[in-house]
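Given below, in the form of structure tokens, are the structures.
Presented sequentially are two complexes of chain A, the first with chain B as partner and the second with chain C.
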Partner chain A sequence: MSSTISAQTSPSAKVAENGRTPRAGKRDVWLVFWIVPAFYTAFGLIFFALARVMPPPRPDVTTDQMVHFFHAHALTIKIGFGILVLIVGGAGIANGIVAFHMKRMTVGSVMAYAYLGAMSVGALPGCLLVAFCFLTAVYRPGRDPQLLALLYDLGLLSYVGSLGCFSTAYFAFAVAILYDKNEIFPKWLAYVSIWQIVTEIMAVPVFVSKAGPFAWNGSIAFWMGVVVFGFWLSCVIVFLMKATELQPVDEPPLE
Partner chain B sequence: MANAKQTAADFDSAAASSVTGTGRQGTVHTPGDGHMWVMVLGDLIIFGAYFIIFMVYRAMEPQEFLTSQEHLNINIGVLNTLVLLASSWFIARSVQAARAGDHARALRLTYLGGLCGVAFILIKAYEWSTKIAAGYTISSNDYFMFYYMLTGVHLFHVSLGLLILGVMVRELRNPRRRRMFMVESGATYWHMVDLLWIVIFALLYVMR
Partner chain C sequence: MQILAEAEDLPKTANIKTQLISLWTAPVFGVVLLIAFLAFPGFFPPMSPDMTAEQVARFYSDHTAMIRFSMITFNLCGVMLLPFFMVIVIQMKRMATQSHIFAYCYLTAAVSGATLFALADIFYLTAAFRPDRSPELVMLLNDMAWMIFIAPVGAFVAMNLLLGLAVFFDDGPNPVFPRWVGYYAIGTALAMAPAAGAAVFATGPLAWNGVVSFWLRNGAFALFVVVMFVVLRNVLHRQAVEEGVAR
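== the complex of A and B ==
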């Protein structure tokens, strides 16, 4: 809101030609921006408090224990993932505003499209599939226990093990930031994105490991990834805000 | 020892150039300086966490880790360490040559450093293939999972380092570029890759 005031009290707004003078930003971009922290807060609440996939349930349990997991958490899974499938478009908005600011970079739009495409494909295994697996499992609780166990494994493997799309998106993001001369995002954010690729690589063994640090609930494959992702996401939100603040109000719409 | 001093000197000057770099913000558009130091220090923290987790699991199954470790060929590990140390030495010399204005020599030394990096990858690929052929795969036990993942993610860093050395080469070849902070940042990253390997080598191959 302070940005609005600064625009009104800044008579030199039109004088600055390099686009780096702090000004109001655009109203539509602000609207989209505020959806990002709101969506990720809801996303975190759903995954942590309701759907019970944060922290993920153990991979080294018996079929009976998997069935019990679905019975015990049926209601919260229905509420949590029911809301998620309704608001999951927020992920698209979050990716969209990143791509929007990437298109304002000197590198042109090719990396923005790579980021947007990779993130969009990644949302299917990384977020939606686990929701549909768990919702299907609690839809008919009397189902064959082996089928419930299958949905348990499929949901959690796809949720923690969807690696390649995100690595590609982080790589495109990093390359764009490093080449950009408009300084839309700080260069070090590119390196933080490289750490994200490192944590994705370290999660590859979830497909063979059933316990220990590289299992889908392990300290390396899961928790290190969560910590670095949390840091990355916080940085991205802060710098999206700065990029939106610094965007000149009279900048022409992108092609 | 002389090499160690040289490397330390490179680190110091890279840090110094980062200080001057912030003073001319308008002209700094490319990676380097303080940004590269965020990368290096953050990466060391992340790897530090991996190493601590390795030590915790090693403490839980000391016998399994020790018997598994005997299947590694320490000679190949030593060879890889020497190759990477040599590459770091070439890169440190390259930075010195670039500082002295001898860009042709700096370019040659960077190529030599990169060649050592490629040799490291080839040796590692050979080592992995012999281990896999002998039946020791990622799912054999916790030790081998750590072995493949720590060396694998380090290989990713080496590959990224080769890309960064490529950027250094581009800088050194073009008389209109030749920005010292770029060369120094590349060298800083490459030395980090070297440092990480020395710790990985100590943890996986040497520690009894």
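== the complex of A and C ==
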């Protein structure tokens, strides 16, 4: 029939050969793989230690306190987000290698493309916009406090509150894992991904609540999401490593 | 579609099933998005660019709850239409008499379109987060939201032109889509294109609340999803039968 189908039958045929092929993986895939933990380590350092977005500053503060936040952290925001705008391509690489291994599954490409697309959507509102808002805020510290407050709200709401893009990606990831017969990722990782969707839904109240567990710095809306995301990401990195390791060196390139 | 028992576990069957799941996200989330659309207090009629800053600020403080309900729903469910457009990508990649170039370009254009939608949504929600901030700033956020929501139709125009071209290039004996889908896609592109005028016009049919920029643009998009759902359902059924997956 179509070329799509013939390409998909070959990886499944490879499953049987796994025992015989050397457990080395492909060099180019390994190279890309190691960028993923390196990028997310840098990402964590930037958001936690430098830009002070995590844990997020409080939503229930006065305009003056927001101005003070930007003044107090201007230097580290500049360093952190200055580095982020340089290395943010790492997010694309991280999404790329996941999509690559998803395309090696026996489920067609539609979920891989949905994952790739939805994660790419998340790059602007879910990651970069807060950097632009904060960088713009500290660029001219003498700006009208009301304007700084707007950048504060816009940055943090976009960062904590971009929910649908990631939910779509987790949905696609989970469906692909559940249907896959090549066992690229373990089935339970699909359920962790579904739990990720739950945490996105639990973050809905950040647009309403200004204090307490459902505010953008709250225990449920924020911390639960961070913990589950941290767990999910660690699992994804470990199993990306496994998938890379188990990929036969002679597996033909993907279509 | 009835999946054959003997084909149940085959990769080609999973390929059909994952496409079916992606396809059905469209009606499921389409209904949710329709509710969000009907719930937004500023769509019936669409908010005028003529409103003063005080009027805009009052709109956000008077209707805060419904604005939040509507825009949070759009936030959560808007991008859930993306898998549906990825089914179109997969079907474009099945076209036998062409390279996959149109399909990949369609994919990236769809991502751009969805990104802009997600971005506009955050501006509405930020305006509604503290409606008591200076009216000038609420209006600034509202203007940004409407500008980003309505004007940048380039991604949708590109998608539909690419789909149209792909259908016309798919001129072998067994085309994926019926030929009228090509004309329909081009027609949708033409119907959405004038909304770019919302970037400059503040009154008339091309303003963001105008008949052309708001109703024709959004109507054409919604109709496209409905029509393509039916088309893709048939296409998928045919693919499944041809590949011996279903009858």
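One rule holds for everything that comes next: the second predicted complex is superposed on the first by the 234 of 255 C-alpha atoms of A that agree within 3 Å, B and C clash if a C-alpha of one lies under 4 Å from a C-alpha of the other, contacts with A are read in each partner's own complex, and residues count from 1 in each chain.
Keep this in mind: a residue touches a chain if its C-beta (ideal position, glycine included) is under 8 Å from a C-beta of that chain, and two chains touch if they have at least 3 such contacts.
Everything numeric here is computed off the predicted structure, so don't read it as measured data.
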Which of chain B and chain C A:149 touches, first, second, both or neither: second
First, second, both or neither for A:171, with chain B first and chain C second: second
Chain B versus chain C as contact partner of A:34, first or second or both or neither: neither
First (chain B), second (chain C), both or neither touched by A:201: both
First, second, both or neither for A:139, with chain B first and chain C second: neither
Greater chain A contact set [chain C / chain B]: C
Touched partner set for A:224, first chain B, second chain C, both or neither: first
A:129 touches, of chain B and chain C: first, second, both or neither? second
Partner chain(s) touched by A:48 [first = chain B, second = chain C, both, neither]: neither
Common interface residues of chain A - those touching chain B in one complex and chain C in the other: 180-181, 201, 204, 208
Residues on chain A engaged by chain B in the complex (per definition of touch): 178, 180-181, 183, 186-188, 190-192, 194-195, 197-199, 201-202, 204-205, 208-209, 212-214, 219-220, 224, 228
Chain A partner contacts - residues on chain C that touch it in the complex: 9, 11-12, 14-19, 21-22, 68, 71-72, 74-80, 82-83, 85-87, 89-90, 93-94, 96, 107, 110-111, 114-115, 118-119, 122-123, 125-126, 128-130, 133-134, 137, 140-141, 239, 242-243
Of chain A, residues touching chain C in the complex: 1-2, 4-5, 8-9, 12, 106-111, 113-114, 116-118, 120-125, 129, 146-147, 149-150, 153-154, 157-158, 161-165, 167-168, 171-172, 175-176, 179-181, 200-201, 204, 207-208
Chain B to chain A touching residues, read off their complex: 29-32, 34-36, 38-39, 42-43, 46, 49-50, 53, 57, 138-139, 142, 145-146, 149, 152-153, 156-157, 160
